Every structure is written in C-alpha cells, then in structure tokens.
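Multiple structures follow.
What follows is a pair of complexes built around chain A, which joins chain B in one and chain C in the other.
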Partner chain A sequence: MAELRELKEKLFLITSLSLAALAILPIFHILLSIFYNGLPVLISAGVDFLVDSPPPPGGGLGGIGPSLVGTFMLAFISSLVGIPLSFASALFSVEFPDNVISRGVRVLSKALLQIPSILVGMLVYTIMVVPMGKFSMLAGSLALAIMMIPYVTTYVEEALENVPKTYREAGYALGLSRTKVVFKISVSIAKRGILTGVLMGFAKVTGETAPLLFTVGKQRQMISLDPLGYTDSISLLIFDFIQTPYANWHRVAWGSALVLTSIFLLIFLATRSLTRRVVL
Partner chain B sequence: MRRVALSINDLTVKIGGKEILKRINIEIPERRILAVMGPSGSGKSTLLRAINRLLDLVPGCEVSGRVRIYDTEVYSSDPYKVRRLTGMVFQVPNPFPNMSIYDNVAVGPKMNGLVKDKRELDDLVRWALERAMLWDEVKDRLKDPPNKLSGGQQQRLCLARALALRPKLLLLDEPTANVDPINASKIEEALRGLVESHDITVVFVTHTPYQAVRISDYVAFLYMGELIEFGLTQEIALNPKHELTMRFLKGEA
Partner chain C sequence: MSSMGSRWSSISLPKYDRGFYLSLLPFASLIFAIFLALTYVIASASYPSISKFGVKLFTENVWSPSEMGEEFVRYGLLAPLYGTVITSSLAAIIALPLSLSTVYLVEEMTNSRVKELLSTAIDLMAGLPTVLYGLWGLDVMIPFLRENLMKPLHSALPWLPLFSCEPLSGASILSAGILLAIMIIPFMHSLIQDAYRSVPWIYREAILSIGANRYEYYKMMISLIKPAVFGSLLLGIGRASSETVAVTLVIGNAFNISFCIFAPGYTIPSLIANQFSESNFYPYMQSTLYAGGLVLLIVGALFSALALLMMRKVRKLYG
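== the complex of A and B ==
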C-alpha cells in the first residue's frame, strides 16, 4: 500500500511540474528569442541605437531615439494626468464606500480594466484628433491616461483597503482628524502598494500600441519634446517595421523589442524590491 | 473628596436596529480603575467605544443617553476633542507600522499641537514610555520600527502612545489578551502606577476575573448588553448578588 501511495505522489509531482513548465515555456521562449535576436543588433549599433533616427530601408541600423523619447514622454504626460486622478478616485471610493459616485468608480474601474485598447484610440481620435485637426503627443497621452486610470485606481484601492482597520481606529482614538488619519496613517501605511500600482501603470502604458495607432502620428525622424507635435513610441515602431520586407528594419525591430523589454524588466524589478519590504 | 471622572446615564446603543447596550448606568470617581467584565458579545467593547465616540465610525449606530468625562458632555461635544481627553489601547497590539517607536508615541501630541518644541516632545515621549514601563527596553533604539518589538512590548508601546496625550481617562480593550504573563503583569503594574501617582482614571475590559480582582477598584458586569452588577470590586468578589456574576467569577461562564 505504501508503495502505491508513493507512486501516486510521484506521479502527481511529475504532472504538476510538467504542466507548470508548459505554462512558463512561452515566456522563456519570448525572452530568449528577444535576447537572441536583439542583443547582436544592440551590440553592432552601439549606444547610437538609443539616440539616432531609424535607417532608410535597406541601409544600416540607425537608432530609435525619437521613438524612445516619445515612449517616455507619452508615459510621463499620461502619468501626469492619470496618476493624480487614479489616486483621488481610489481614495474617494475607499474613504466613502457607500457613496453612489464611489460605487460607480468601483464598478467602472473594474469594467474599464478590460476595455479593448483600440476603442480608446478611436475615442481619442474622435474627441481630440479630429477637432484639433492633427495627431499629437497630447492626444496619445490622453489615450494612454484613459488606459492607465482604471488600472492604477484598482491597484491603489486594493492597497488602501489592505490597511487593517485597527490602525485607522487607533488614529481616530488619538483625536486625529479624518484628513490626518487618511494621509498620515492609511496612505502612509499603504505607500509601497500605492507606488507599486503607479509603477505598474507606468510600465503598462510604455508597452501599449493600439491606443497610439491613430493618435500620435508616428513621427520617428527626429527627437521632439513638443506636446502638440507628432511623436512615436517603440511599440508602434516595432509594429510598423516588422510588417515591411526590409531585413535591416526587422533587425531594428528586434533591437527595439530588447530595449522595450529592458525598460519593462527594470520597472518590474524596482517594483519587486519595493514590495518585498512591506511589513505590517 | 474625589471628583466623578466618568458618569454614564441610561446609555443605550443600537447598531443596525439591534440593541447592543441597554440603559447602562455607571459612575466612577477619579483615579480609580474600573474593570468591565462579561462573556463574549455582552457589549464590553461597544461600551468602551461609546465613551470616546469611536462608535461614530460604525455605520448604522445610534446612541442615546448621556456620557460625561469630568465636565465634558461627550455627546454634545466635538468627538475629536473627546478622543483627545481619552486614551485607548486595543485588544491586538497595533503600533503604526509606518512610524518609528519614537514617532508612535510622538504622533498624538505632535498632530494635536500639544507641545511647543522638540525638547518638550522628547520629554513627553520619555515620560509616556516610562509610565508604560517600556523606556529601559527601547531607549537605545527609538528610531527602530515597532515590528522589531515583541507582542507584549508592542502593547506597552500602544499604552505609551495613548498616554502621550496626557489623557484624563484611559480605555483599554482586553489589553493583556494577546500578551504573555510577564508582559501582562507589567501592564497591570503600569496601570496601578498611573492611577496612584498620576491624574488618570482607567476603564479596562477583561476576560479574566483574577485580573479584575487583582487591579480594579470597581467592577461592572455586562451580560447580553445589560449591566447586571456594578460596584466596588471587593464587595462583588466577596459577595456577588447575581448568580451569573458568581459563575463568571468562578470561571464557569
């Protein structure tokens, strides 16, 4: 009998291990092929890859400077709009849970989490690009902010809700006002969770493609910081370049993929090192 | 002649329409310890939270009757002011994890503007930690986070945090339920010291009759939201009028 039990246990272990391996295999495949194809591009193009303009079809590697800067500018401006709004709506919905508006915030932020991003692009095209008569960094940032808000709101809501009630009670028992309890206690205790949400939101929008398709104008020839001017993002550049027949553009796309992945990993690692230190 | 520190008249508390406390009447003089006893769900914690108006935070809560702390009519005053008059220690130690040991004690006086300068604050923090019998253990690591302390030390830190407001009335909700016997006896000793040499009155909830008998001057016995016995500890311990009290004191209820 004992043998049968051991056999069963081994069988179970092997099955779950192989299923787990199957599940993470694609991730490793993606990471490995990005490094395998992207690293030689970065090595042969050097640091210029991060500042130069893309090459003409068929000639050299150039760089992705305008798209890289565009990516950061878009993420930055959308964060400027999106993060304060997300923070405020999360705080409101946690602090006044029975209010009709905060119930609305909760339902909407969960529903919008899964909104198809192309729809957001179309929305901004209709409400901003058409009236202004042109694509712009600002339009792209608005689209990204709309993508970001439900995401960050949900994160911040959860971080605030995870603060045990007993700390708030202790704060009130000390005679602290509601504002002080909220900011000096709840927000302060949840600050790492909140920061995680903010960073994840930032990471999410650096990788978005569809909301930018018809909002930013795909200007990748020169670095521009003008919010009303055209711009580009790394994800858009990859999307366009891999669809062409030019071998050098394919290589630029691989190099860009590696740059984008590295940005992602860096933000992810920063988040991890922050969250590990949460001690209640 | 001692003044009356706390008087409760016909206090009734309903939460969501259900009566949690029914017409409670209690009066204790200053610098005395009142032990509130009773089985789980008898309304002990609610009674404490009615005194410092923490019940205001509970949705659907209705309070009627009167509570007075010295000359302050609790239910016609600003709740924030009432809470500054009282200190509270909770059942599970809850020092603020985002603040150092020092800041946990300093936060109350600092945010309520009770001190003029850093020096005065330092003195107050030290005073509170000494009263909570914790100073010697933490004086060299005031900047550490509180999670480095043991559970019992954390509870004494919470006591110090409450004392730093220089409250007239100290409320404790089963302060020793989650700490070891050594820490429990330190907390008991601290409470005795506070009423004997400082101008403080103590109300604490306890599950253990021995603790009540050991340190309290008055006992209130709650059962299903009713005050079934209240009086001097000595008298009730020797001669409980009510059968339920007797059984509880013997450890049967």
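== the complex of A and C ==
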C-alpha cells in the first residue's frame, strides 16, 4: 500500500514537472524563432529597415519606417487619452467606493477586459470611420484607448487599494484634506504600481492588431504624422505580409517581429525592475 | 447624499471633498458611456440580419453574398459558431492540466530559480503581442504539428472520425486549439493561483498533519478550490473565443463543419477579420457579422458572470 502511494507521488511530480516544462516551452521557442529568423533580416537590411518603406512583392527588403512611426503615434495618442482617463476613474472608484458609479466602474472595467478586441474595431469603424468617411490615425487611437482604459484602470485600482489604511489615517490626523491625502499620500506611495500599470497599458497597445484592422487604413508607403491621415502599425504589417505568398514579404514580417519583440521586451524589463523594487 | 458616503465617513461629504468627487465623476462615467455605446451599436447593427433571417442565421451554414438583390442573399453562421466552440473548448481543456502544473510548481516548489523562471516565462506569455503567436503558429508550429502529430495520427487511426481527414496545409481546428491553449495558459494560471493563495494556512497544515504526501496534498488543495478551477475553465473558454489575429492565421478560414480536427474551419472573430472590410458592399453582410459579434458578447458575459460567482464562492469560503 505504502509503495503505491509513493509511486503515485513520484508519478505526480514527474507529470507536473514535464507538463509545466511543456507549458513554458513555446514562449522560449517563439522568442528564439523570432531572433533566428529576424536577426538576419535586420542585419542585411541595416538601419534603413527602421526608416524605409516596404519593398514591392518579390524585390528586396526595404523597411518598415511608416509602420514603426505609426505604431508609436497610435500608442502615444491613445495613451494621451487613455491614461489620464483610467487614472481618474480608478481614483474615483477607490476613493468613493460605495456608490453606483464606482461599483459600475469596477464591474464594467472587468467586463470590458473580456470584450473581443475585434468588436472594438467594429465599433470604432461604425461610430467614427463611417461618419468621417475615411480611416484615420485618430480612429485607430480611439480603438486602442478603449482597449487600454479598462486594463490600466484595473491596475491602478489595485495599486491604490494596496496602500495601507494607516498611512492615510496619519494624513487625516495631520488635518490634510481628502485631495491632499489622495495625491500626497496614496498616489505617491502607489507610484510604482501606477507606473507599472501605465507601462503595461502602453505595451498592450503597441502590440494590438485586431482593433486596428478596420480603423487605420494600412497606409505603409510613407511616414505620416497627421492624426487625421491614414496610418499603419507593425502588428498589422506582420499580419498582412505573412499571409502573402511572397518570400521577401515573409522576411520583412520576421524582421518586423523582431522589432516589435524588442519594444515589448524593453517595456517588460522596465516593469520588472519597477515591481522588483516595490517589495518592502 | 448617503450614497456618496465612503469607507471613512458615513456622514455626507464635506464641501472640499464634494469638489473632488464631482471633478472625478465625469471620467468615471466614461466607462459607462463606452459600454453603452458598444452594446447599443452592436445590438442595433445586428438587428436587420436577425430580423431577416431569424433563427436560421445561427442554425444554417450558408454564406452567399449577392450584389444583385436582397432576395438572393442568404447567411448562416453555424460553421463559425461551431468552430469557435470547438477551438476554444479544446484550448481550455489542453490548458487546464498545464496551468495546474505551473501553479503547483510556482506555489509549492522550494527551488527559487525554477520558480523565478516559471513566473517570468508566464508573465512574458501574458504580454506577448498576439500577432507574434500567430506568426510563430503559422510558420513554425503548423509545419511541426503536421509532420509530427497530424500525419502519424491520421495514418495510425484513420477510422476515428476525429482523425479521418487528410491533413492538407496543416491550418486546422487542431492548430487553432493548440495555439489558443498556449495563449490562455498565463490567464488560467493567474486565476487558479489567486484562488489557491486564498486557502488559509490552517487548511494546509491540517492536510499535511494527517500525513498526506505531495500528490495527496495538492489533490486536496485543488478540491478545496474546485469552483474556482471550473470558473477559470469558463473564463479561459471566453478568452479563447474572442482571440482574433492568431486564430485567423492558423485556422485555415473555411466554412466547414467537420468532426475531423485536421480540417480547416472558421471562428466568429476570424470570420469578421476576413470579411468585415468588404462587408459594406453586400446587403446584410455587415449586419450578419455584427450578429456574430453579439453572440460572442452575450455568451462571454454569461460565462464571466458564472465564473465570477464561482470564484466569489471560494473567496467567501476562506475570506
């Protein structure tokens, strides 16, 4: 009997170890594949890869300049709208938790997190692209902001809720007003958590594809900063190019994947170093 | 005014607090506005197709757009609905044992290096842009699965309906299911982990004090949070059913209802990704796509509500 138990335990340990290894194997394989396939492209295309426009089918490597600039512009404009809004609504729901709107903010921001990103793209297409008569960077930014708001709100809420009550009570005991307690105590203690949420939101929108499919117009021939003009993102370019039969476009897609991965890893490392230090 | 009371004051807010309250209120209301706009637009845009085709919109598999006139148009979303259900259930079923294993190792392992490696990997997986999963799935995973899983299974068990069809390009229901499983592991991992951590230490000590070995210990711990595990399965299915770009790249995009998992298929989001840009030119097409989105939204909301109820049950038990 005792032997059977031991056997079961051994079997369990081996299974869980190998299943866990299987679970995390793909991410390393993905990253390695991206470096393996993308690095030769970046090396042979050189720095121009970040500036030039994409090549014609079947000829050369060109670059992804317009898409790269588009990605940053889209992420920048959507953060400009999304981050202050998320911050304000998170503050509201943490500071005034016992009313209908705060409870709604909590429930809805969780619910919006679950909404398929492609539906957000459809929504923005219907309420903005159709009335304006054209695709635009602004429409794409709106779609991304909608994706970002529930995400950042949830993060900031969590960060603010983790501030110990005693710190706030100390502030009140000094006779500070609510506003002062919030900004001088809560926000400054939760600073790192809030910043992490903001960075995570930024990382999320730089990688999003689905909300941009029907909103930005996929203009990848020239660099444009016009918020009302057509634009593109790296993720859209990868999505489109990998579905074509052209070998050089496949190579461009892998090169772009390496650029996108580098941006993601940079932000990831930044958030890691932030959260690492927050442990008291 | 009493509804404005807070944790710290049950009396109504002082004047300077009310200013603070009022200045934040419009921002907080914005989430409501987004939610209302989303549901309103989707409901009103899907109304024409639902009223024209009725239940047939969801029970038939037809896709015959027509520019000639409304009487020739017929749409039925059965194939993408079927594909969505199969791929996302497959994904959640594959991801569950994997997530249970990663939770065990991260929570109970004493080797901090392995722990660190696992949780870093899972964080990376959670944040990686989905289009990169799709790129890898299409160019790396599919050729591998086709040679090492699909072909052997097909030649060994061709009489089994699941494996009965010849794996052609490799883009299939199975590929989509496996890729989705990889993508939802970090999500299910964090849901199960949260529930696991909520079990108080006295329960753990009680289990260990009766001499349970590691297997028996983990089995009992998981049975203590069973509703949350089931909830994470539901949320995993919801998450998988809404994934768009990665699935579009690996599922093969064909109106196909087949029990064979090597056959290409469609999901609602991949159908939308493929057809929406041209849908303006054909009567009822856009509305049909919106109706598909509406179904996703309703089912997703039901699953989330159910899952949240189950998770709350666990939290109440130990909170």
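Simple rule for what comes next: the second predicted complex is superposed on the first by the 262 of 280 C-alpha atoms of A that agree within 3 Å, B and C clash if a C-alpha of one lies under 4 Å from a C-alpha of the other, contacts with A are read in each partner's own complex, and residues count from 1 in each chain.
Throughout what follows, a residue touches a chain if its C-beta (ideal position, glycine included) is under 8 Å from a C-beta of that chain, and two chains touch if they have at least 3 such contacts.
Given the structure is predicted, the values throughout are model-derived calculations rather than measurements.
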Ask   = Between chain B (first) and chain C (second), which does A:98 come into contact with in this model arrangement: first, second, both, or neither?
value = both
Ask   = Residues of chain A touched: more by chain B or chain C?
value = C
Query = Is A:9 contacted by the first partner chain B, the second partner chain C, both or neither?
reply = second
First (chain B), second (chain C), both or neither touched by A:166 = first
Task = Tell me which partner A:184 touches in the superposition: chain B (first), chain C (second), both or neither.
result = first
Message = I'd like to know which partner A:175 touches here: chain B for first, chain C for second, both or neither.
response = first
Ask   = Do any residues of chain A touch both chain B and chain C, and if so, which are they?
value = 98, 168, 172, 177
Remark   = Within their complex, chain B touches chain A through residues 52, 54, 57, 59, 80-81, 83-84, 86-88, 90, 92, 94, 96-98, 107-108, 111-112, 145, 147, 158, 161-162, 165
Ask   = Contact residues on chain C for chain A in the complex?
value = 3-8, 14, 16-17, 19-21, 24-25, 27-32, 34-35, 37-38, 41-42, 45, 97-102, 104-105, 117-118, 120-125, 127-136, 138-141, 182, 185, 213-216, 218, 235, 238-239, 241-245, 248-249, 269, 272-273, 276-277, 289-290, 293, 296-297, 300-301, 304, 308
Of all residues in chain A, those that touch chain B in their complex = 98, 164, 166-177, 180, 184-185, 188-189, 191, 279-280
Inquiry  = Can you tell me which positions in chain A touch chain C when the two form their complex?
reply    = 5-6, 8-9, 11-13, 15-17, 19-20, 22-24, 26-31, 33-34, 37, 84-85, 88-89, 91-93, 95-102, 104-105, 108-112, 114-120, 122-123, 125-127, 146, 149-150, 153, 168, 172, 177-179, 182, 200, 203-204, 206-210, 213-214, 235, 238-239, 242-243, 250, 253-254, 257, 260-261, 264, 268, 272
